[in-house]
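Reading through the structure tokens given below for one structure.
All chains are identified by letter, namely A, B and C, in their written order; residue positions are counted from 1 within each chain.
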Amino acid sequence: MRKCNLPSLGSIYFLVVCAVLYLPILLLIIFSFNNATALVFPLKGFTLQWYGTLFENRELLKAVGNSLMIGFGSSLVATIFGTMGAIAIVRFKLPGRNIFLAVAALPLVIPYVILGVSLLILFNEIGIRLSAFAAGLAHVIISIPYAMLVVASRLVGFPDNLEEAAMDLGASYWGALLRVTIPICSPALLAAFLLCFTISFDEYAIASFLVGTDATLPVYLFSQLRFPTRLPMVVALAAILMTVTMAVMLFTEWLRRVVQSPAKKG
Amino acid sequence: MTDYAVELCNVTKVFSSGRGAKSEDVYAVKEMNLGIPRGQFFTLLGPSGCGKTTTLRLIAGFETPSSGEIFIQGKPMSKIPPNVRPVNTVFQNYALFPHMNVASNVAFGLAIKRVPRDEQKCIVKEALELVQLADMGKRMPSQLSGGQQQRVALARALVNKPAVLLLDEPLGALDLKLRKAMQIELKHIQEQVGITFVYVTHDQEEALTMSDFIAVMSDGLILQLGDPATLYKKPANKFVADFIGESNFIQGTVDSITQKGTKLRVLDELVTVDAMEVNLAKGQAATFTIRPEKMMLKTKQPVSTEALSGTVQEVIYIGTDTRYIVTLQSGESVVVRVQNGCSPDVEQFSKGDLVKVVWLPDDARLLAD
Amino acid sequence: MENRSRFASLIGPPSLYLLLIFLLPMGVMFVYSFRAGIAGVAYDTFTLANYQSFLTNSHFHRLLWRSAGISFTISVISSLLAYPLAYYLVFKAGPNRVTLLTLLIIPAWTSYLLRVFAWKLILGSSGLLNSLLLSIGLIEVASPILIYSRGAVIVTLIYVWVPFVALPIFAALERIDKNLLEAAADLGCQPWEAFLRITLPLSFPGILAGLFFALIPTLGEFVTPLLVGGVSGSMYGNLIQDQFMRALNWPMGSVMSLAMLVAVLLLVFILTRLSSLTDLVRFS
């Protein structure tokens, strides 16, 4: 076969698409260092002042705190529920398995606006105050399917009688889960947690309905978009958030692939 | 009856399809009564789907009987879950814990029982020496070959000193040479350790090699129970005769019943077959069986033998033996195995020769259908 | 059987949570749709007025169809753009394809809000694109048509969805037995013929999944329209948000949400009929 040194049409297209995908992010990062208040070319000099203002911004810091709290909390709960669900759907073939899977996965396809308003109504009816915590409760729902997916896909890579083997050797069923199943899944558990965290941390639509006065970071960001003078600060914030998210996602992908389920040995 | 390590009393196991239709229920084990003597190498032998693995899992406790009772060392097991039963299993896929090294795998059962660390180390060392993996303690399962993994699985089960060791076709994934070596090794280990082994396989040669006792199963039932020699020489029915080793089946009609045996008419020849417990009436159709190596070919029927006439169809030379496929007058084919270079009065035949297929009366058995 | 009790213990807590925080609110919303809502108070009455109002209001319908149109456009164009990407990765990219796919996905996983915001900055009248065009001299005056329009919503959402749509198409193409293509070549098939006759049909489940994955969530979109849609780009989701946050007619909003929910469930049902959901788990 002739060795073609010219990049193929497909690879050019791929590069173009990648460039377009990364472009807005890169632009944000570039302009976060720009010594000007408007997002126009040409660049006017390097500055870190916008980053500096972030740390003095009380409201912002409170919003970050809220996002971190509910991010951590909802991810923990979603990972636990997701793991339980994953073990249930992978290891058991009992009636109810498919219904459970369907209901747990449904939030993946229900528009967030519906999830948001339905909870708004419920919380109003039963008297739960609108707060970051309320948004956190909702975030668990949207995160569970992702957690389940990540853990389940690791679990299926292992022989299905490991729990049986552990019980044969004297462990109770729950002991078998703790000593064998969970340790085997541990990279997936971490990956699931991180995935759920990024989902919660970035989530705006549902939070906009449920946070009340406790702004989360995206809600706070959104509220600042009306003020042109605050723009550079928002851009700096956006740059940080996107970079951190990308780093976390890279780490999660590394976790999932390098510590992959081994092929079943015959 | 505490001389039995394991006893099954009228055990039935049904798997219902869950859709309520009784016709779709699968009876994996049907009213089985079985006593497995202590300290023996006992094998459940049969084709796929005969219920042997289900029986094993019933003993282990991973399945519960639909009816009947299981006793281990005389104690009823119906309320006792698998993790408490004095049995351990060697699984077909070894089921080694991939996140633990060999030593931790082997020590697993001990760790559950909270055996002190140094004691664990000692016991594990002994066990690994027993299975000839003495310096592999720190390796991970993924670094081991199939045969080595299997030995770790064995050690892991044995350290718990179970009353009964269950083995579910553990050699199935190994290549032929390794499998044959492991068969002998397993037998030695069993003799050394003295624990009752209950072994499941579909390979009849494997069963004959290793076992003290064999239960031949088909379709949820035990068809015959006995030691290898008995099963081979005196199969109780067609299935056992066919499943174990090679057999010829010849049909005839009952002509008369004498003191020496039952006379069967095969076309226009008469043969006498030892009837044993089989009761047949005159005129009834019957089948008898005989091993290929117990038959001989002669031009003339010698005294004190039974014979049937036939024509040689094929002559196949396989080095150690010559296999003759002979078509009898009735049209049935039989296989006759003659060892080469054995004795001078062995006649050689070629295709198309008219022969007498000859055997000693003791070597044929009438079958209960 | 202990098996059943273990299974129940495992799905019990998540199921309870799903019931209370996911299904129950839907039920309450359903009940709400029958209440009379005036100025932020929902009277505990039973009325079908909201349904009547919904069914007769042409503005609502127009917006519903407009949203459907926008979503449909987005999902079709995204799929068209994503297909060559997935194809390139599976057939031409060799052993690095998973890494490259990850490269494609990573930006898609950063904050949706921030990415839409970035486009707002790029497309806006004092934004990048305009300043760029101005400085080159292509246009005389900053043009606001790029932003606050239906087109802006479509472009932005396509940008968001292309990587996600590429995933199921990638999975479907990956699963095609390469021997089939070799056999086709062996039988004298030209590459483009092989593509049309073998690759494309076999990748159809993936395309379908991709279409639906983009279609269903974008139906309920309201954030992007808020940021870049202006008036002409507003969608059905904005209507709902409006009812809850501004008009404070929650019962009416409930009716509208339920209408969308029914539409979404119908689409999901159709999708599951057309292909299996286990593809999702198998892909990872």
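The rule we apply is simple: contacts are C-beta pairs under 8 Å (C-beta built on N, C-alpha and C of every residue); 3 or more make two chains touch, one makes a residue touch a chain.
These numbers come from a predicted model, not from an experiment.
Novice: When I count C-beta pairs in contact, which pair ends up with more: A-B or A-C?
Specialist: A-C
Novice: Of all the other chains, whose mean CA position lies farthest from subunit C?
Specialist: In terms of C-alpha centroids, the chain at the greatest distance from subunit C is B.
Novice: Closest chain to the protein's overall Cα mean, using per-chain Cα means, please.
Specialist: That would be chain A.
Novice: For subunit B and subunit C, let me know how many angstrom lie between their CA-based centres, rounded off.
Specialist: Whole-Å distance between the two chain centres: 60.
Novice: For subunit A versus subunit B, what separation do you get between their C-alpha means, in angstrom?
Specialist: The separation of the two C-alpha centroids amounts to 56 Å.
Novice: State, to the nearest whole Å, the distance from the C-alpha centre of subunit A to the C-alpha centre of subunit C.
Specialist: A distance of 17 Å separates the two centres.
Novice: List, in ascending order, every residue of subunit B touching at least 2 other chains.
Specialist: Each of 81 in subunit B touches at least two other chains.
Novice: Pull out every residue in subunit C that's touching 2 or more other chains.
Specialist: 2
Novice: Where on subunit A is subunit B touching in the complex?
Specialist: These residues of subunit A touch subunit B: 95, 158-159, 161-162, 164-172, 175, 179-180, 183-184, 262, 264-266.
Novice: Using the touch rule from the top, collect the residues of subunit A that touch subunit C in their complex.
Specialist: 8, 10-11, 13-14, 17-18, 20-22, 24-25, 27-28, 38-41, 77, 81-82, 84-85, 87-88, 92, 94, 96-97, 100-107, 109-115, 117-122, 125, 137-138, 140-141, 144, 149-150, 152-153, 156, 173, 198, 201-202, 204-205, 208-209, 218, 221-222, 225, 234-235, 238, 241-242, 245-246, 249-250, 253, 257
Novice: Give every residue of subunit B touching subunit A within the complex, in rising order.
Specialist: Subunit B residues touching subunit A: 18, 60, 62, 81-84, 87-89, 91, 93, 95-99, 108-109, 112-113, 141-142, 146, 149, 156-157, 160, 173.
Novice: Sort out for me which residues of subunit C touch subunit A in the complex.
Specialist: Where subunit C meets subunit A, its residues are 2-4, 6-7, 10-11, 13-15, 17-18, 21-26, 28-29, 32, 81, 84-85, 87-89, 92-93, 98, 100, 102-115, 117-122, 126-128, 131-132, 135, 159, 162-163, 212-213, 216-217, 219-223, 227, 237, 240-241, 244-245, 250, 253-254, 257, 260-261, 264, 268, 277, 280-281, 284.
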